[in-house]
Every structure is written in structure tokens, then in C-alpha cells.
Amino acid sequence: TSTKKPRTMTTVSAMKDGFANYTDYLNQFNDKRERVVKASRDITINSKKVIFQVHRISKSNREEVLEKAEKDLAAVTSQYISRLVKELQGTDFWRLRRAYSPGVQEYIEAATLYKFCKSGTLLDLAEINATLLPLSDPSLEPLQINVLDYLLGLADLTGELMRLAMGRISEGELEYAENICRFVRDIYRELTLVIPHMDENSEMKKKMDVMLQSVVKIETACFGVHPLIYKISLRRRA
Amino acid sequence: YSSSSVEKQFEGFRSTLEDSGKLRERIKAVAGEIESAARFMHSGLLLVHQSRPVPEVLERAKGQIEVLKGLYSNLAEILKECPGQYYRFHGEWRSETQTAVSLIVLLHWLETGDLLMHKETEAKLGLGSSEFGLDIEDYLTGVCFMSNELPRYVVNQVTAGDYDCPRKVLNFLTELHAAFRMLNLRNDLLRRKFDGMKYDLRKVEEVYYDVKIRGLTANGDPGVPRIV
Amino acid sequence: YSSSSVEKQFEGFRSTLEDSGKLRERIKAVAGEIESAARFMHSGLLLVHQSRPVPEVLERAKGQIEVLKGLYSNLAEILKECPGQYYRFHGEWRSETQTAVSLIVLLHWLETGDLLMHKETEAKLGLGSSEFGLDIEDYLTGVCFMSNELPRYVVNQVTAGDYDCPRKVLNFLTELHAAFRMLNLRNDLLRRKFDGMKYDLRKVEEVYYDVKIRGLTANGDPGVPRIV
Amino acid sequence: TSTKKPRTMTTVSAMKDGFANYTDYLNQFNDKRERVVKASRDITINSKKVIFQVHRISKSNREEVLEKAEKDLAAVTSQYISRLVKELQGTDFWRLRRAYSPGVQEYIEAATLYKFCKSGTLLDLAEINATLLPLSDPSLEPLQINVLDYLLGLADLTGELMRLAMGRISEGELEYAENICRFVRDIYRELTLVIPHMDENSEMKKKMDVMLQSVVKIETACFGVHPLIYKISLRRRA
Amino acid sequence: YSSSSVEKQFEGFRSTLEDSGKLRERIKAVAGEIESAARFMHSGLLLVHQSRPVPEVLERAKGQIEVLKGLYSNLAEILKECPGQYYRFHGEWRSETQTAVSLIVLLHWLETGDLLMHKETEAKLGLGSSEFGLDIEDYLTGVCFMSNELPRYVVNQVTAGDYDCPRKVLNFLTELHAAFRMLNLRNDLLRRKFDGMKYDLRKVEEVYYDVKIRGLTANGDPGVPRIV
Amino acid sequence: YSSSSVEKQFEGFRSTLEDSGKLRERIKAVAGEIESAARFMHSGLLLVHQSRPVPEVLERAKGQIEVLKGLYSNLAEILKECPGQYYRFHGEWRSETQTAVSLIVLLHWLETGDLLMHKETEAKLGLGSSEFGLDIEDYLTGVCFMSNELPRYVVNQVTAGDYDCPRKVLNFLTELHAAFRMLNLRNDLLRRKFDGMKYDLRKVEEVYYDVKIRGLTANGDPGVPRIV
Amino acid sequence: YSSSSVEKQFEGFRSTLEDSGKLRERIKAVAGEIESAARFMHSGLLLVHQSRPVPEVLERAKGQIEVLKGLYSNLAEILKECPGQYYRFHGEWRSETQTAVSLIVLLHWLETGDLLMHKETEAKLGLGSSEFGLDIEDYLTGVCFMSNELPRYVVNQVTAGDYDCPRKVLNFLTELHAAFRMLNLRNDLLRRKFDGMKYDLRKVEEVYYDVKIRGLTANGDPGVPRIV
Amino acid sequence: YSSSSVEKQFEGFRSTLEDSGKLRERIKAVAGEIESAARFMHSGLLLVHQSRPVPEVLERAKGQIEVLKGLYSNLAEILKECPGQYYRFHGEWRSETQTAVSLIVLLHWLETGDLLMHKETEAKLGLGSSEFGLDIEDYLTGVCFMSNELPRYVVNQVTAGDYDCPRKVLNFLTELHAAFRMLNLRNDLLRRKFDGMKYDLRKVEEVYYDVKIRGLTANGDPGVPRIV
């Protein structure tokens, strides 16, 4: 037993040392994950506020509503997205994707919705990533939102566009609604072609089902007011 | 609003995603081979339950470690093409790696009675370069899987006449369990696997109890009167 | 009892199964291409909802049929290597084929207003040889999928000013639904899909009702007074 | 409308004709499936009876129990398996696999259990298939049980062997139990290597979990009686 | 302690359990036939949605009632063999009977505009003897199923130009709904089905609204000004 | 179309449904009392595990049988009001009865070492009239529950020094198990309960061998009458 | 180690638990009566959908408010016996209260066109003492339920010729929806109910446009006072 | 109809809801700390399974009680801000408290062999003021959790040579189980936990049996002859 004991002792201490290292490592990493989750939540909440703001739009207040939305969106970028940028270096960018993805998706949703209302176009991923460049430490690899999160955010955008279309129809802006309808159909069609190439696309598949419902809702709404409401809206304009 | 600009943008997405899709396919293929090598190794190691001479069993299993090493080097090679994306594809080799770790750690324990540490396991798999290492949680999960084999091993060893085995395994598992308790685990797979280790411990305790109460301990523990 | 004879027997099983596994992999690869071609075709056909000129839309979609035909010929070629095992691997191309059928049948309906029958569909896909045919239940399931597109089509056609479309679609669907009711379906996917056809029918009825009650019928059905 | 009507008429009748064909086809096929399912059920019930008969075994009645089991098994083959043989021609063999697989698996279970008790060996698939040859019409492709069903049946065999081992231990036949233990361990080990190559192996995976439990149960039972019961059994024999 | 008495007792149990097993099988077989006859009848009645002449449709459906009657007489015959066990096997024919009731009640409503009473339904099915009657909850559930068909019927009738139909159906459904509300239903299937009747009512109200607001009522209800 | 007849019919339904609702409530109330009496009896019988003098324990438990008898007579009384509906309400007292049976059968076994037969159990509960009997499957399930108590009883009796108990219980359980195997069981719960009986058997066997090895049998504890 | 103190403690627990059990039973009984009174009130209020003269309908429904008030006073009385435990038992009357609130708020709206405030609702139910108030989330959920009735009301009112109703309801609902949007809702049920309110709003909008298109507004039905 | 009053009301709701949301967050934070302290204490107490000197183990664990006390005082402080809402937020600290109770009761039992009473537990946690006490059901659930640790403890103590332990634990558990049986538990978590205690009891009985049958009892219980 005298030869055995020392060996066991060192083994035990090796095990203890090893696990002490693992503990430190996991603690640090979990803390970082927590910070990223928190940042993501803040991004979500504040992006939702931007979306909410955009939905306030009506024929009369377009300019001011969009101006405020733009300001709010810029604040999300500079205050919250920047926190993400600081945390995500090296392999963490992909490792922590689940932790920040919901926030980034909501941010994409807000940014693309604002852009569509402002200029009627689809905000490109490259444009978004360009706005993020100044946030990064120039000495490090800059943070760039990945295609997957962009596409997932875009899928959610459709729901917001549906709400927007309903609002426009209520106010008689049928052409606007029809423009949204075309836009949404195009996005849906393009996504059907991209989806098989996405990593783990079950989330996206669910979103596509919801999306098709949104498209059909917009189309049905356009059908519902056509051509009767249209005349009313003309009468109103007159 | 123009359809064509949307189309162009999506064209770009598609080609980017297709590229990483192809990479994933290659990774999957290697992961499949890892799974197959690990399964082969597992099948060999199972023989320890059958009272086959341990050294012979271990020798054959060790051969598979070299195969695994080669496969992980292939994997590392592929990942060099997409720096920083280790965790993007991690899911493809995760469970295979946990199994491989569990086998290597078990083999080492059978040989030495010691726990093979993370760095040592990494080394055995030829990993440990800065870009492609062994994820610590995968290592720990592998260790939990390894612990699942021990109750069965103890039962079969006692049946084969090694009455001191329960004590040794109990000491090892108790130590291991205590070490794991230091970790601050999230509510995930590793946590669940660790929770399962408690049952391994309890089961080994019971075998030890059965052996002791029957007075079967090897060196005739004086505190327990031998009956029969 | 001898371990070695068991081992030898299993050795044989393993090699047999590995061979059919490889075949399956090749089949899967072709099925993946079929899926991709069908998806492409679907994406093109979706344009009928956007009031694009129908003939142009159809022309582009038809091109994909040729691609599909080529892929099915590849599939048939592979299956020649394992005669009699069509249904062993059927699951690999089943849902892809149902989708392909639904698109071809939809395209034909858009062109002619008629239902493309099973034999005709088989012919379009270059199938129908004795060994590799189009499973009838796959054909029928495809037809059900096709019916799912019709309510949306009707809504969009009316919005685009074609007020006679609901009546035509309703006649077609009613007829189709009645024909399906003749089938003695088991409690499976096809049955559930057919049950879903009822909702398509109801939805088209409601659109027709909406159109009629608003007096929008093309030729001014005299029974319904036009208001507004 | 005069040009349209005839076309529609023919179309409708084409549709009707087509569906009449489909109906016939499906009805015939469903009937065949029903017959196969029924045959499978009969095979299951009667194979279970064979298994039950084998479990009656004890030290005193070995010969007669196995003799009866052999007869029962032969009856299953000639009466029920032969019905399958008649139905399954061409592509139906694979097409209707789900319909007959449970029965065939149970049959494999019974045949291999009987064989193990009789001779202590594993009944080979080739041997089984050889016994089926005479059942087929010589002009047609003969029915041969496929590897998958054989392996699935073998996986279930383990549960029966566990019960057998328990019975043997109760009667003090420890060596017999240990022989079973070795046999079962070998089958388990070999199956772990074959399973990844099996078609749709989720059913097999579930069976493997159950199987491991059976193996451990046999081992634990051997442990539980060792070495104490062993002495008793020696005493009894004396 | 006499073992043979235990054995004898279990021998008795075996034959008792086998007998009731066989009885159940026979009951199931008849229930299957009832289901099939009801499905056939349903298929025929569906034609009322297609503006086919109602009397002709009804005539064909009525033929099935005779078939059903025969089957229920078979069922009653079987149940005579086990007096007092109606509710032991009730689950076997329950849902089939609810469907059958819904069809017979619908047919009667189409003919007369009245609700077929429980006793009358029993009579149509040849039931009502003291031993084998129509369970009241089954009758009520069948009536709920029947109400589910009405919204679709109303929509199709309006499309076909019968503008008075919504009013009639609305009156009928309102009355029926009010009658159901008198019952104090337990929290079971019947309760859920009745809760669903509310949606039928709402849908019919909406159709009635559509018709009225467009001044489409048959006899030009003077209360609603027609505008153009 | 006479609305008053509909109203009248539903008026009738209301009172019928209310009546059967009240009946069910009354049955439930009695079932609750049965449950409570059985719980009380169980609680008393549990003392056999604590080496309390058996006769005293049994005497107290027997008192509860009279209570149960009274309650079943109440139940039978209620069911007389609705002849032929035994199985309609069977679910309300089913599991309570199974528990009661298990206790009465256990008590009888403790007293005599014999299985209480179905007819005898019926008699003890005052049942057995043609209208209200003890369902055979309920009896059998109760017997299975009773068997679940035996392993614990054996362990505790041996601890208390009754070394002949395992043999007696083993004989009893083996016989019972063999008798059950004759049955072709359909019912899920009963089947599962019977499957569980084999674990009871295993456990008792283990204790029997334990005791035998140690030569602890034979020396005839005089306090326990040897039966068989 | 004194067993009697344990026994004494559990004796105490038994009586405490029994007391709170009885309390809960009494609360449940009152909650059941509230449910029944609310159901009765609901049934009466439903007549507003059938063009019955509103004042008469409301008068009858108001009677039930008094009944509810009495029941809530009973509830408050019971809760006085266990100060501080309002939220312990809250689940027992929660959904009943939400229904009651929805009806009272609807009734008030039918009478005045205004939203009944939280404090006012509390007062109508005789609540509002410091100990027993109306939970805010229950009030809000009730308001959501009330909004669900409005689309149907609007449809039926228009059918009955009240063309000004859609405008009034639309104004009311729009205002209410905007007010709700100010809240940062956590609660799942309330959140879902609020999300549902937007469908009510959409439906009412549709009716409003329908009516407007046809120029059916303005001609001021004198029977309905214009509010706002 | 004054919209501003609605707005004002909802403004009030918003602030009220936000306030209670914040309160809940603060409570959750403290509950998290309680959970963490209890986990730490548990980890220390586990050492009793490893034959470490008990007094030392207990001393360290006792330190955590003080930490827990501090945390409960924080909780009480927060709840003072919302009098009468203890049960509104009870769910937030419920399971954490049950764990804490189980540990404190276990520790006390290890020290004294007695059950720590409810009032004493309350005192140890610094609770017991009229406003913030220890819910009785939480205490009882904690006691059940504590009982779950005992079988393992007994097994390990016997292995370590303490043959008197099973008897002591068995007496304690039997007493406790009997005391629990006096309670009339509702069908909830506590009931299920108590049902589980039966298995602890059975397991301890089996260990006691093992020890006795082998004549291992410490003071050589004369009732069991030692054999070799």
C-alpha cells in the first residue's frame, strides 16, 4: 500500500486541479453567455419598440414617425449591438449564436421594416454590416451579422408587413398595400429557394409556414376590399 | 421597389450557403467515419464485461485510437478552410466525439485506475492546436458516459471473482462525482448526464454493500465477519 | 455454443447491409436533386399568383419537367441493380415525387383546365416501364397537394379581375372531390391530405359566394342583382 | 360554350374512368394487405405459443417440452408462413414489409429460441430460409426472409433468453444461465456493429436499449446468486 | 390449501373472458359496417351543396337508412346475449352512431325544416325497445355534428340564388342553440361539440348579414333599403 | 315547424340528464366513502409489516369489511334505480373496488394462507345478486395488487424471525402466477399488473434462497402454524 | 427521541390542513355559484344578438348583478377567516370572475357606450374593501372577453337595421386597443387574450366599411342614441 | 364618452403592473440565491455518505443555515412592501424552500436522531413572524425529500460497519410514515412525494433484513441465531 498511496494522492490532486480549471473556464464562459443573452434581450426589446413606432404610421404623420424610428434604430445600434460586438470574438461568434440570434433577428426585422417604409426597398445585409463596422475595434476582426440570422429576421418581417398592409388598407391606401403584397411574395419566393441550403433549417421551415399564412392574409385582404373599397377610397380622395 | 435587386441579393446568399453546405457534407462524412471507428472500439471494449483477459482487450481497443486520431486530423484539415467556424459545425461531430472520449477515458481507467484529463485526451486524439481543440463540455460529457459503464463492470468483475473491484470503483466514482459537483452546470445535456452519474454511484455503492455484507471482500476486511 | 460461428454469420450480414446502404446513398443523392428541381419549378409556378402572364410562367416551368425526367431515369437506372426492391427504397423519393407530381398536375391544369391522369403523369416523368413506375398513392397525394394551391389562386385571380375563375375552379374541385370519395382510403397520409381537400373546396365556395354576392360574375349572372 | 361542353364531358368521364381504375387497384391491394396483416397476426399468436411452450422447460421435462415445441413450430411454418409465401410476389415483398414484419420477427424469435434450447446454437438465417423453400411454387421466385426482419427478431430473442435465464437460476442451473449470458452478450455485441447499416434503424435502436437492460438483468442475476446459491445448487445435486 | 380450486376458478375465468372477447369482436364488426354505411350516406348527402335537386338527393340517402336499420337490428340481436351490458360495450359503436344520427337528422331537416326528435330517430333506426335504445347524449352529439354542416349549406344555397335560406337556417339554429343551453352539460365531448355550435351560428349570422345588407332577401324585406 | 315540441323534448332531456347526473353524484359519493374505508383498512393492515401480533391486526381490519359491505349495499341500492346501467357508471367505483378486493384477499390469505375466491369475495362484500356483482377483471386486478404487498411482507417477517414465511409465500405466488398465465388477457391495466407480478415472485424467490442458504428454515417457529 | 411530539405536531397539521381544505371547498362552492349566475346572465345577454328590445334584455341581466354581488360578499366573508391568503385561493374564482367582469362590462357598454372602469366594476360587485378587491389582471382579461362579443353584435345589429352601430363599436374598440397597447403585459393568458382583440377590431372594421360603401349610415336610426 | 378617463386608468394599470413585475424580479433574484446556498449545503452534507466524521461534516453545513437565514430575511423584507401578497409570489420560492427544509431537517436528524419540528425549522430560518412564515405543505414536502436520502445513507453506513443504523432509521421512518398517514392529503405534489416515502421505507426494511439475517446487528440481537 505504501507504493499505491502517493500515486493515488497525485491522481486525486491532478483531478482536482483539472476540474478547478474546467470550473474557471465554464464559469467565465457562462458569464459571457449571460452577458450576450442579456444584450440580445435588450436588442429584442428595443427593436420591438422601433417596429411598434413604425406601425404608428398613417397618411398624415409619415415623415415624423419615420424620423423617430430612424433615431430609435440608430440608438439600438450604438447602445446595444455595440455590446454584442465587444463580446463576440473568434470562435465565440458561432459558439454563442443561439444566445444572440433572437436579438439579431429582431434587429434585422426592425431595420428592414424601417427601410421598406422609408424607401420601399429591401435593406441589404451588406448595408447593415457596413453600419456595424465603426463599432468594432479596428485592430480586431469586425463583427458581421451572418446570413442565417439575416434570413431568419427577414422571415419575421413578413408578419410585420402583414400588419402594415392591414393598416394601409384600413386607411384606403390600396396601392401601398398592393406594393407590400408584391414585396412579400418576392421575399417568400426567394426564401423557398434559399431554405434548403440553410444550416439547421427547421426553425426557418416553421417560419415559412407562418409566412405563407401572412402572404395569403394580405392577398385575401386585398381581395376583400376589391374593387368595392377601392371606389370608396377614390371617393374619399376626391 | 425593384424585384431584380432582391433577386440578385438572394443569388449571393444562395451561393454562400451552398459553399458552406458542401463543407458541412464533407464534415459529416468524416464524423460518420469517427462514429464507425468509435463503435468498433466500443464493441471491443465491451469484452471487459466478459472476463476476457483485460490486457488483450485493451490492446485491440488501443489500435482504434490511432484510427480516430487520423480522422480528427482530417476534420481539422477541413476546418482550416473556414477559420473561426468550429462551433458552426460542432453539432456534426459532437456526439461522436463524446462517445470517443468516453471510450478513451474508460480504456485509460482500465489500464491505470486514473482519470484521463482533458489535455491528455486532446493529445491522444491528436488535437490541441489552437484552432481545433476538444471542447471541454464534450470531454466532460464523455466522462459521464464512461461512468455509466462502471456499475455493469463492477457486477461482472465480482461475478468473475474480483471482490476488491467495487471498493476501487467506488473510490474513483466518489472522487469523480465530487469533482463534478464543483462545476457550475447549466440546465443542459451535461447537467442531465451528470445527474445520471448519481445513479451509477448509488448502484456501485449497493454492489459494494452486497459484497461486504456477504463477507466477500478480498483481504477479509476485519470489521465484517465472514459468514458461510 | 460457439462465438465464432455467430461472428461469421454477422460478418455476412454486415457486408450485405453495407451494399444496400451504398445503394441507398446513391438513391438519396438523386432524390435530393429531384427535390431541388421540384423546388425550382415550384418557385417558378408561384408566379401565377402574381398575375404574371400565365403562358410565360408555364413555359419556364415546363423546362423543369425535362430536368425531372432525366433524374427519374437516373433513379430507374440505379434500381435496376436491385430488382424487386423498389419499395424498399421508396421512402427516399416518395415525398419528392409527390411534390413533383403536384406541380406537373398543376401546370397541366393551368394550361388545359383538365386533370392530368396517372398514366399521363407517368409518361411526363418518363416512367411507366414495368420495373419503375409512379406509385398510384404518390400520384393521388400529389393531386391533393395541387388542390391546396387552388384557393389562393382563385383569390388572386379575382383580385386581378378574372371573375369567372371561382366558378371554374369550383367545378373542377367538386368533380375531383367526388372522384376521390370513390376511393377506399386507409387511415394514412393520403387520407389526411384528402380530408384537407374539403377545406380547399369550402374555401373556393366561399370565394365564389363572395364574388357572386357582390355581383362580380363575369357575364352578369342575371339571378343576382348587381349593386354598387 | 358549344365547343367547351364536349371537352368537359370527356374530361369528366376520363377522370371518372381513371378513378375507377385507381379504386379497383387500391381495393385489390388493400385486400391483399389485409390478408397479409391477418397472416402476420396468426404467425405472431402461434409463434408466441411456441415461445410459451419453450418456457415450460425444466430439468425434468426437457425432451418432451422441446419435442412439442418443435412440432408447434413446424405447424406455424406449414400453416401460416406458407400463406405469406403465397401473397408476397415481386415488389410486394418489400412493399408489404410493414404488414408482415411483426409476424416474421416473432417467428424468428420462436425459431431461434427453440434452436438455442435444443442445441445451444444460433439458428442461421440461411437455415431458416432453406426450410421455406419447399413452401414456394417452384416456378416463382421463392420467398426468403430478409436480414432486417431476422435481426429485429433476434433483438427480441434476448428478452426471452432473459426469462429463460431467470428460470434456470431459480432451478439452480447456474451453468446454463451463464451460457445464456455469454450467448446474449455476443449477440448484443454483434448487433451494435450491424445496426448502423440497417434500413431505418430507429426501431432497432429502441430494441437495443431494451436488450442492454436484459443483458444487465441476466448479469445481475448471476451476480446475485454468486457464489452463495452456487453452493446450494451443488448441495442439491449431491 | 387446495390448489385445484384455484385452477378451476381460473379455468372458469378463461372461458368467461374469451366469451366476452368474442362478443366484443362481433360488436366491432357490426360497428364497422355501420361506419361504412354512414360514410356512403354522407357521400350522397353531400350533393346538396352542389345545387343538385334536393328530392333526388334525399331519395338516394334514404335508402341507406334501411341499411343502417338492419345493422342496428344485428347489434341489438348480439346484445341480447349479454343482458345488462349495453354500456360495457357502448364505446364500440358510440361514434359511429353519432355520425349516423347526424345524417338522419340532417336529411329530415332538409325535407321538413324540422328537428327530428330523439324518439323519431330511434324509430328510424329500429331502436327503442327497452333493451337497446339510442343513448340521449349520442343523439345530442349527432345533432351538434349536423349543425356543423349548415354554414356550408347556407353559403352554397345563397350562391345558387336561394336568398331566403340564411334566414330559415338562422331561425332553426338559434332555436336549437337556445334549447341546448337549457341543458346542464358535463365537461365532456358533448359539451365541447355544443360549444362549437356557437361558431356555426355566428357563421350563419354573417351570411344572413351579407344577404341582408345587399338587399338580396327573396321577398325584398322592406326594412332594408336597396341601394345602387 | 313547431318550436314548442323541440323545447319540450329538451325539457325532457334536461330532466333526464339531471337525473343521471344526480345518480352519478350519489355513486361518486359512495365510491368516495369506499375509498376512505379501504384506506383506513389498508392503514390497519400495514401493521403486519411491523411485527405486531397478527390476529389483533386482522381483527381490527375485519371490522372494516363490514363497513365496506354496507357501502356496497348502498351502491347496489342506487343502481337498482337504473337497471342495466351497471357498466355506465362502472368507472366511478372501479379502482376503489380493486383496492378493496386486494385488501380483503390479503386479509384472508394472512388468516388462512389460501386465495379468496371470486365468489367468496363477492359474498364478503355482500354482492353477488344478479344485478350487482363483482366484475371479474376488477377481482383479478385486486389480486395482482395483493401480490405486490407480499415481497415486503416476506422481508419483514424474516426480519422478525419467521423463517418459514418465504416458502409459504413462494408456493402461493407460484401457483397464482401459473393460474394467471392460463388467461388470455386483453385488458391493458390488468395485463400490466399481471406482468408486474413476476417481479414479486423474483423478489420472494431471492429471500427464500437467502434464508435457505443460512439454514434458517426448519427450526419451526412455533408461533406460526405451518400450512400446506 | 419523543415520538409523541411528532404525533402531536402531525395532529396539528391534520387539523390545519383540514381547515384549509374545508375553506377551499367552501370557496369552490361559492365559485361554482358565481359561475352559474354568470352563465345565467350570459344566456340572458345573448338575446341582444336577436334584435330583442335592448332595455328589456338589459333589465333582466342587471338582476343577476345583484346575485353576483351577494356571492362575492359571501366569498369576501369566507376570506376574512384567513387574512392574507387571498392569492392562495385566487385560482378558485379567477376564471369565473373574468367571465363575470366581461358580462358586467358588456352590459354597461350596451347601456352607456362607455367602458366600465376597474373601480366601478369593483363597486358593482360590492368589492373594493382593502382585503378583497378585484385583481387588475382579472379585470383586464374580462375586458378582452367582452371585446370578443362585439363583432357578432355588430353583424346582428346591422342585420337588424342599426347602421350606426359599427362606427360606435369601431371607435370604442380602437380606443380600447390603443389603451391596452400601453401596458407591458407579462401574463400569458392576458397577453394572448389581448392579441386576440385585434381580430375583433379587424372584423368590426370590415363591417364598418361594408356599411359605409352602401351609404347605409347617416340616415340616423332614431331608436339608437348617438354617442360620442 | 370620455376617452381620457380610459387612458388615465390604463396609465395607472401600467405603473401598477410594472411595479409588481419589478417586485417579482427582486423576489426571483433572492430565490436564486437561496437555491445556490442550498446547493452548497447539499454538497457538504453529501459527505456523510462517505464515512467522513459526521460532526465535522455537520459543522460545515451548519454555516450555510446562517446564510439561508439572511436570505429569508431579505425575502421577508421585500414582501413587507406588498402586504397580503405572500401567496401571490409563493411559487417563486416554493421549491427552493422545500430543498432548504429537507437539508436542515436532515442535518438535525443526523445530529439528534429526531425530526425537526415545523416551528423549529421556521426558527432556524428566522421566519415565523406573522407575516412571513414557512408554509406547512412546504415543510412537509421538505421532510419527504429528506426521507429520500435515508436509504442511501443506511446502505453506506452498513458498508462502513455501522450495523445498528438500519434499525434506527427504520424506526424513525416508520414513525414518520405513520404520522404522514394521518394527514388527508390532496392529490398534488405533496401527495406524490409522500407516496414515494413508501419506497424509502421498503428499501430500509430490506437493508435491515440483510443485516439481521446475517447476524450483523451490533449488539447481537439474541432473537437471530448467528450461523457460519
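Structure notes:
In order of appearance the chains are A, B, C, D, E, F, G and H, and numbering begins at 1 in each one.
In the analysis below, a residue touches a chain if its C-beta (ideal position, glycine included) is under 8 Å from a C-beta of that chain, and two chains touch if they have at least 3 such contacts.
Fair warning: this is a prediction, and the values are worked out from it, not measured in the lab.
Separation of chain C from chain F in touch steps, taking the shortest path, is 2.
The copies chain B and chain E differ by a rotation of 175 degrees on their C-alpha atoms, rounded to the nearest 5.
The most distant chain from chain G is D, comparing centres defined as mean Cα coordinates.
Rounded to a whole number, the gap between the C-alpha centres of chain B and chain C is 46 angstrom.
For the pair chain C and chain H, the distance between C-alpha centroids works out to 61 Å. Averaging Cα coordinates per chain places chain D and chain F 38 Å apart. The set of chain F residues that touch two or more partner chains comprises 213-214. Residues of chain D in contact with two or more other chains: 182, 193, 224, 228, 231. On chain A, the positions that touch chain G within their shared complex are 52, 166, 170, 224-225, 228-229, 231-232. Note for the complex: chain D touches chain B at residues 182, 185, 188-189, 192-193, 196, 216, 219-220, 222-224, 226-228, 231. Considering their complex, residues 35-36, 39-40, 42-43, 46-47, 49-50, 152, 155-156, 158-159, 207, 210, 214, 216, 228 of chain C touch chain A. Of all residues in chain F, those touching chain D in their complex are 202, 205-206, 209, 212-213.
The touching residues of chain E, when paired with chain F in their complex, are 1-3, 5-7, 9-11, 13-14, 16-18, 21, 83-88, 90, 112-115, 117-118, 131, 136-137, 140, 172, 175-176, 179-180, 182-186.
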